[in-house]
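We call the chains A, B and C, going by the order they appear; numbering starts again at 1 in every chain.
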Amino acid sequence: MTKKPVISARDLDLTFETNDGPIHALKGVSLDIEKGDFVSFIGPSGCGKTTFLRVIAGLEQATGGDVSVNGMTPEEARKSRAYGYVFQAAGLYPWRTIEGNIRLPLEIMGFARADMPRRIERVLKLVDLEGFGRKYPWQLSGGMQQRASIARALAFDADILLMDEPFGALDEIVRDHLNEQLLALWAKTEKTIGFVTHSIPEAVYLSTKIVVMSPRPGRITDVIESPLPRERPLDIRDTPEFLEVAHRVREGLRAGHAYDD
Amino acid sequence: MRNILSILTVVIAIIALWYVGSFFMNRAWVMDQAARAGETPSLMQQIEGTMTQDRAKLPAPHQVAQELWKGTVEKKVTSKRSLVYHGYITFQSTMAGFALGIFAGVALAVLIVVSRVADLALMPWAIISQTIPVVALAPMIVVLSNAVGFESLIVPKALIAAYLSFFPVLVSMIAGLRSPDGMQLDLLRTYGASQSQVFWKLRLPASLPYFFASLKIAVAASLVGAIVGELPTGAIAGLGARMLIGSQFGQPMIMWSALFAAAILAALLIWLVTGIEALAARMMGGRRA
Amino acid sequence: MKQLSARFERIAWPLGFGIAVLILWQVMVRAFNIPPAILPAPTEIGAAIARSTHILWIDWVQTAVKGAITGLIMGAIAGVAAAIAIDRVDFLRRGLLPVANFVAALPIVGVAPIMVMWFGFDWHSKAAVVVIMVFFPMLVNTLAGLAATDRMQRDLMQTYSASHLQTLTKLRLPAAMPFIFNGLKIATTLALIGAIVAEYFGSPTRGMGFRISTEVGRLGIDMVWAEIAVSALTGTALYALVALIERGVTFWHPSQRRRR
């Protein structure tokens, strides 16, 4: 099993120079993510989850170490349309319809006009929003907006989907539903997903690999390979295997915390 | 620090452009004079000629500065040619109009917030009032205040200034008085507070930061009103009147110095109001709108 | 039904108030025998308008169309264009924004005599005054609008590797529209003021400001009020037009949505 990793980080360091002195957001972070993995990043806030994701996407420059994505630098990978990025807020443009928002990356990347309706149709179906294309974002609920933003990230067929607490602002019932849909989508599209979350059950339910991080300086304290099968009904969360993994994550988080104070 | 450097650079660039502009706009006159005398002036002579004209199309910055200096420091403040004197006349009507505008703005805002009917009936007219050019109304304001028995020009000028300055106060005060949210209002209601208690204990204090924030715009508008009010009203004193005189007698230096005196007065007023705003904010514990 | 009556109220109350003021005005003038040289009755003003439509039209074209609207359009375009250009260069933005903000607060009307000296008595000098008066609020508001996008929205564009031009046209300009229209609304109220003020410093024998000052001298006060009525209608119509376009362009903005 020596597959070449899709994303490979070696000894990443990132220090922000701020007015109150340097902040060590990432220190010695190394990680391999393989094709088709669903990797969750979990840890207390400020431990560098967002920063790590942004470095992978080339939105932030590491001050030390290497990242490669599909064997390229993050910038090159970005230019070759490797990523779909989903932020915590849907961030849809209010002056564009849902269709218009999904069309946005296609316009920027220069897809053929004729090709667009088909793509939009397809991703709307993937996120279960058929029939809402002509609506404006502010006419939809928070959960639907977030699904639309996922559709936007899927529209240009990036292999890698990076999601930064995409469901963090939603209530738990909606969240459960979206988690289930996300898994179905992942199974259908075979994408590689990096997923930041605060929630232990969410991380365990979704992931094949759980990366536990801890703050000051931001680093990886544990990487847990999930023994759960890829097919996961919602009630898998009551099985002993599930609880066992959740327990390990909780232990990892606690160990990370023991470093400070 | 970086910002100050960029601002300085921009200001210097503007002054440099101004000199270049002076040269090109005033050169025609120099060449004309020279041609009449049958000479061909060298570049140095041209430059000198363009920077020293009394009736330059575009006087050079140092000429305007000199004129300002003469008009403020070298003239007695009581002199009819002192910019301080004229500035003070305009300042008076500005402040009178400002005070009137604040009063009218606050009173109207309270009325509009308290009464739904007033809101529906008056608010559209308040907006329309600002789309009507005051300058058109100005002569009528003079005629009417004369007819009512106000001889001095300060009354119509202050009315015109108030006409422009009440609106920013009105808009901000309405926003401020309406800024308390449902939860804060509900809390007072659980105490059994009356409508007037809600007004005095919640709405009015909540509106103060909005009020102070509006003063800067209001005072600038008031100054514009005072200057504009001097144009069609037959005023002979005041910065606006100076501009008119400069224009009628073809004296560019008078226009330019009056223009810059007005700008300096505006800067002083805004600086003053900003200071008051900062002081008020500090007294209210650093709250800001 | 309830919505209908709410809309009715929103029109009926201000209209009623306006009519009440006019009636009160008429009654007062008649009751106290106020001479027309001081305050003519609304009916007399109406008669003056009916009598002098031709003059009013000529004045309106001279001042409102050639002076104010031409200047407004040129100044607005120049302000937005300058903002887009300045926004490209970080150094300029940091240096020019405070200067522009400062200048926008100054009594720019004061340039009127200078413009009349430079461009002569006809409408060109009036338009020039309007251009300068309109330019700064447009510049300042557009710059503020271009800075109004949040980091997440710009990051999104970066994940698409969008160019500067793409980010400008697809994100920042649409997001700036509410600010630009705010500036435009301020600009419309300034445009007529600028055009009329400039006429006090010299004009051909037509124009609203010219007519007002000469008629005041001849005690033709009903004609002055007729010009005031025309300028009020023009100002309001211009503002309403801008507000209407704004509603069409920024229909997505919360301030416009609530009003629906």
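We take it that a contact is a pair of C-beta atoms (placed from the backbone, for glycine too) under 8 Å apart; a residue touches a chain by one contact, two chains touch by 3 or more.
Chain labels with UniProt names: A = ABC transporter ATP-binding protein; B = ABC transporter permease subunit; C = ABC transporter permease.
Bear in mind the structure is a predicted one, so any value in this text is a computation, not a measurement.
**Student:** Count the C-beta pairs in contact for B-C and for A-C, then report the pair with the higher count.
**Tutor:** B-C
**Student:** In terms of CA centroid distance, which chain is the most far removed from chain A?
**Tutor:** Result for the farthest chain: B.
**Student:** Find me the chain with the mean Cα position closest to the mean of all the protein Cα atoms on display.
**Tutor:** Here the chain at the core of the arrangement is C.
**Student:** Nearest whole angstrom, what separates the Cα centre of chain A from the Cα centre of chain B?
**Tutor:** 54
**Student:** I'd like to verify one number: the distance from the centre of chain B to the centre of chain C, where each centre is the average of its C-alpha atoms, in whole angstrom.
**Tutor:** Result: the chain centres lie 18 Å from each other.
**Student:** How many angstrom lie between the centres of chain A and chain C, each centre taken as the mean Cα position?
**Tutor:** For chain A versus chain C, the centre distance works out to 49 Å.
**Student:** What residues on chain C touch chain B, complex-wise?
**Tutor:** 9-10, 13-14, 16-18, 38-39, 91-92, 94-96, 98-99, 102, 105-107, 109-114, 116-118, 188-189, 192-193, 196-197, 200-202, 208-209, 212-213, 216, 221, 224-225, 227-228, 231-232, 235-236, 238-239
**Student:** Chain A touches which residues of chain C in the complex?
**Tutor:** 152-153, 155-162, 166, 170-171, 174-175, 177, 250-254, 257
**Student:** Given the complex with chain C, which residues does chain B contribute to the contact?
**Tutor:** 2-3, 6-11, 14, 57, 117, 120-125, 127-128, 130-137, 139-140, 143-144, 147, 216-217, 220, 223-224, 227-228, 231-232, 239-240, 243-244, 246-247, 250, 252, 255-256, 258-259, 262-263, 266-267, 270
**Student:** Could you list, by residue number, the parts of chain A that touch chain C in their complex?
**Tutor:** Answer in residue numbers: 54, 57, 59, 78-79, 83-85, 87, 89, 91, 93-95, 104-105, 107-109, 136, 138.
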